[in-house]
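So, here come the structures, one by one.
In the two assemblies presented below, chain A is common to both, partnered first by chain B and then by chain C.
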Partner chain A sequence: MTALGFAWRSLVRQPARAALGVLGVAAVGALLLDMLMLSRGLIVSMQDLLDRGGWDVRVSAGDLPGSGLRVPHALETAEAISTLPSVQAVLVIRSASAQIDRASGLPLRTAFQGVATRSTDPEGARLRAPWTILRGRDADASDELVIDERIASEFMLEPGSTITLRASCVADLEALPATRLTVVGVAEFPFQTTNESTAGGTLDALKTACGGNVGHDADLILVRSKGDADGTAAAIRAQHPDVRAATNTEVVGRLQQTGFTYFRQISSVLTTVTVSFAVLLIAVLLTVSVNQRLGEVAALRALGFSRLRVVKDVLSESALIVGIGGLLSLPLGLLLAAGLDRILKGMPGIPVALHFFVFETGALAVHLALLVATAIIAALYPMRIVSTLPIAATLRDEVIG
Partner chain B sequence: MSASNGLIVDAQQVSRVFSMPAGPVTAVRNVTLQIRGGDHVAVRGPSGCGKSTLLHMLGCVETQTSGTLFFDGQDVSRLSDSRRSLLRLRQIGFVFQRFFLLPMLTARENVELPMSEAGITKEARQQRVRELLEYVGLAARADHRPSQLSGGEMQRVAIARALANGPRLLLADEPTGELDEATGAQIAALLDRVNQTGTALVIVTHDLALADRAGRVLTMRDGRIASERTK
Partner chain C sequence: MKRGTVIRLIALIGWLLPATAGAQDTQLPTVLVSRQLAESERLTVGSVVRLATDASGTRSQEFRVGGIYEPTPDPSRLGQVPRAVRLHLPDLLDMTRPVGIPAGAEYISSVNVALVNPDDAHQFARDVDARLPGVVALPSGEAAGSAGPFRVLERFHLAIAIVTIVAATVFLLALTIMLVDERRETVGVLRLIGLPVRRILAQILLEGLMVAGVGAIFGLVLAVLSEQLINQFFQWRYDTALVFVRVTRDVALTCVTIAVPLGASATVVASWALLRRGGLRLARR
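Now for the complex of A and B:
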């Protein structure tokens, strides 16, 4: 009988103890997996959001896109950037606050994004806005727009419908002109938060909605390089020292240094706590189990079982508890992560498409490595008990006891 | 030291001293003893006289603090722990007062365990288990767990397990200590049969009837062999 087979029989012998160990490891393992998914989840998810649409360099007025500062003379700047040899396409994004009139009641406050593409490359000229069309098509003309699902469901709109929208490009307090626009598509806006609604169209459409009062600034300029994002960002910085140009990776790096650090720190602390808890749980169970059968172990040693063999038996028992519990922890951890993700995404200002918990093979590998380490570390003390067990004294004590 | 003359154990002036908080305690004092193939030795004496310690030294689970002990020509004190384990696995069988069968294994699996550890092939193991369980009269109970067996049956399984790898020396520590008189007599008869096949047998016992079946009866007192009676 192999050490693993022997360990299995030892576990089955005391099903309640085995179940306790397995369930404990499953719960702790699920938390561990979640902490690992959380530690890099925001970073991976943010990188994914930024990479959507293939725009790999972001030009903004502040250190981070979305800081509120606007890029001055945005169209001229975009035009100049589009002439850089490493650039395939440039997209100017200008946001405005808007209201959509209801038949009765208060109008719905929404954001209206106007975009304009600049490219010297025919393929680049075809690139569209950073939103994803779910139904219908993208807006091309100055009297067209796309809307998000929230607006579509609230106003029961579908491609082909028309809406009356009042946009303000300069100040919230100005008198908003009413503009009738045709809905041509329903889209998903990647950075839209849970409580927001967004509409999008061309910069000309925004200009129309704002009564021509759009100014020359933009919130953000997105750039698609021909493959060298770092070189393109450097070229833009050289061409326009007054703006900040950063690759998506650099933007994520800056976010990592600021807000995302807390999640990593929390996850590191909780990972350490959960692993320690798992080690203690298994170590206690194994130690109790081994202490209950010292006589049997001593008898096996007397019968010729080597020290290595009895150590292997204990290690195998630990590996089985952690292995089975670890397997159970995977679906449990994924379910728990989905629930926690939903709760955390309910916080204000969090983009709907952003996830706190993201499954990665790297996280799974670390999870497995930590469980293996748990099995070994938890078994160290009980392994020491059986390896240093005085055979004769134990046999004597068992008879006296 | 040659083992060609049938000599299995040659203990010369062996002593075993235990360090205790109240001071050293000498459990076995200058014992000289030889065990040959086919010997049937019983060790008697009052509790605490050193019988079990002597048995454990003969079985290489306890090392002497002075004197020399050769097993099959090998100086046991010079063997590593793994070599002593191997020696016990292949040459020595142990029968314990409390049987120490593994409760999660069947009788068959308990008997098979030492053979498995010795690396014997599955087919050979199965064949040998059948023979041994038949030998101890428990072929019909092969698939029973220890909890489903009586005390006598458990001890018979334990004897079969001790014989699994064909040991030259079988050591039994109070093998009838937990059994009633009639069952004890059955176990004694079984041990006699084992001995008759040439396996040397050393039994530590308080049971006079069991000791009387031995060819040599050693009586210990205060760690020494106070008397030796040979039939």
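Now for the complex of A and C:
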């Protein structure tokens, strides 16, 4: 019989303790998998969000897009950027706060994004705004807009409906003019947070909504390069030293150094604690189990089992507990990750499409490697016990005891 | 708003140049700079700096550093080194007032009001909302939006703690089953000499309580010792005075309340299956 088969029989002989050991490893393994998914989850998810739509360079006034600072003379800047040879298209995004009037009750506060494309490339001119149309079509005219699902369901709007909107482009406290706009589509906005609603349209539509009082600045300028994002960002920086141009990867890198570090740190700490916890507990379980079977191990040695063979038995037992527990930990970990993700997404200002826990094959590989290491390290001490066991003395003690 | 109120100049863009000291320095308006900014720019009290609201330095103005302050730890800005300058409000308004806007017509972001009776905060906010359309008044407790993320983090940590407790309970149960099994013969002999099951169970419970109690105390001592280390590490890592871990009396009580009954129950549950067997069967080798 192989060492694995022998270890399996040892486990089956004590089903309660084996099942509890496996369940314990499954729970710890699930937590471990989640922490590994958390360590890079935000980065992978944010990179995915930024890459949607194919805009690979972001031009802003602050260190990070969305810092609140605006790019001055945005349309002129966008036109200048669009003339760079490596640029395919440029999209200016100007955001304003707006209110949508209800028949009765308080108006709904929303963000209104106005966009304008600039391109000298025929391919680039066809590029659309960074939102995804779910129903209807994108807004093209100055009296059209697209809305998100929340506005659509709250006001029971569908493409073709009209809404009365009061937008404020300069200051929140100005008197807001009412404008009637036609809803032509329902869209998903990539950076929309759970507690806000968003509408979008052309920059001309935003001008209409703001009564022409929109100013010359923009929140963000998105650029699509012809393939060399790094070179394009450098060219924009050289052309406009007063603005910050960064590729999506650079933006993620900056976020990694600031907002995302907490989750990486907590993930590292909890991964260390979880692995140590698993090693300690499996080592204790195996040690107690081996100590209870010292007589049995000595008898096997006396019958001709080699030292290596009994060591292999203990290692196989550890591998079986950790292996089965590890397998169970995968679905358990994914379920737990979904629950924890829901909790963390309750934070204000987190985009709906952003995830804290993202499954990656890299995370799975590290998970497996850590479990293998756990199985080996946890078995070291019990393996030493059985390998150094004095056969005659143990058998005598067993008989006398 | 009182003159002399200082507020944080958030919109100040990277234009902070030490200027040459001169005789008229003492006449310059003063600013406070954050410790982090002072360290990175090597500023000291008395240094003269030039501030502007844009990177090109238009309408820049000279100020004298009147003091260096430790920024109030802000959980929502964790990871961002607070390079900040605090100006007297009139100086800030002079710098940021758009051309053509007369003095006194500027916007300010918020006004803090100290009430004679803090319990009147809700009524005062309602009165302000009713009398000043376009202004939103909130009691401080409700205005502290930055607390939101940390309430979520608290829930996240609680969920992690629950999973850890479940895993620990399962392991504990497995371990106690093995330990109880080791004492099968002793329990069998006790049963044979006439000790009732309840008496043995009470003894096991007492033993479990003692072991769990000692374990809980050991855990608390470990937590208190590591508290300082964790805080020092994260405060160094994020350059902040925020306290990340605090073992309060409530936290300690919660831990003991969970750990001791859990440990004792695991011992009793593991023993129960054994005690249901006959004494002779237990004592038999």
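Following the convention adopted for this analysis, the second predicted complex is superposed on the first by the 401 of 401 C-alpha atoms of A that agree within 3 Å, B and C clash if a C-alpha of one lies under 4 Å from a C-alpha of the other, contacts with A are read in each partner's own complex, and residues count from 1 in each chain.
Assume a contact is a pair of C-beta atoms (placed from the backbone, for glycine too) under 8 Å apart; a residue touches a chain by one contact, two chains touch by 3 or more.
Just so we're clear, the structure is a prediction, and the values are computed from it rather than from any experiment.
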Which superposed partner A:R307 touches (first chain B, second chain C, both, neither): first
Contacts of A:F277 with chain B and chain C, given as first, second, both or neither: second
Contacts of A:R224 with chain B and chain C, given as first, second, both or neither: neither
Chain A residues touched - chain C or chain B, whichever exceeds: C
Partner chain in contact with A:E296 - chain B first, chain C second, else both or neither: first
Touching partner for A:H355 - first (chain B), second (chain C), both, neither: neither
Chain B versus chain C as contact partner of A:L23, first or second or both or neither: second
Which of chain B and chain C A:R166 touches, first, second, both or neither: neither
On chain A, the residue positions that both chain B and chain C contact, one per complex: none
Chain A contact footprint on chain B (complex, rising order): 52-53, 56, 59, 61-62, 81-82, 85-90, 92-94, 96-98, 100, 102-105, 109, 112-114, 116-118, 161-162, 165, 173-174, 177
Residues of chain A defined as touching chain B within the complex: 1, 9-10, 12-13, 295-296, 298-309, 391-392, 395-396, 398-399
Touching residues (chain side chain C, partner chain A) in the complex: 10-11, 13, 55-56, 78-80, 107, 134-135, 145, 148-149, 152-153, 155-156, 159-160, 163-164, 166-168, 170-171, 173-175, 177-179, 181-182, 234, 237-238
Residues on chain A engaged by chain C in the complex (per definition of touch): 16-17, 20-21, 23-24, 27-28, 30-31, 68-69, 171, 173, 242, 257-262, 265, 270, 277, 281, 284-285, 288-289, 292, 336, 339-340, 343-344, 346-348
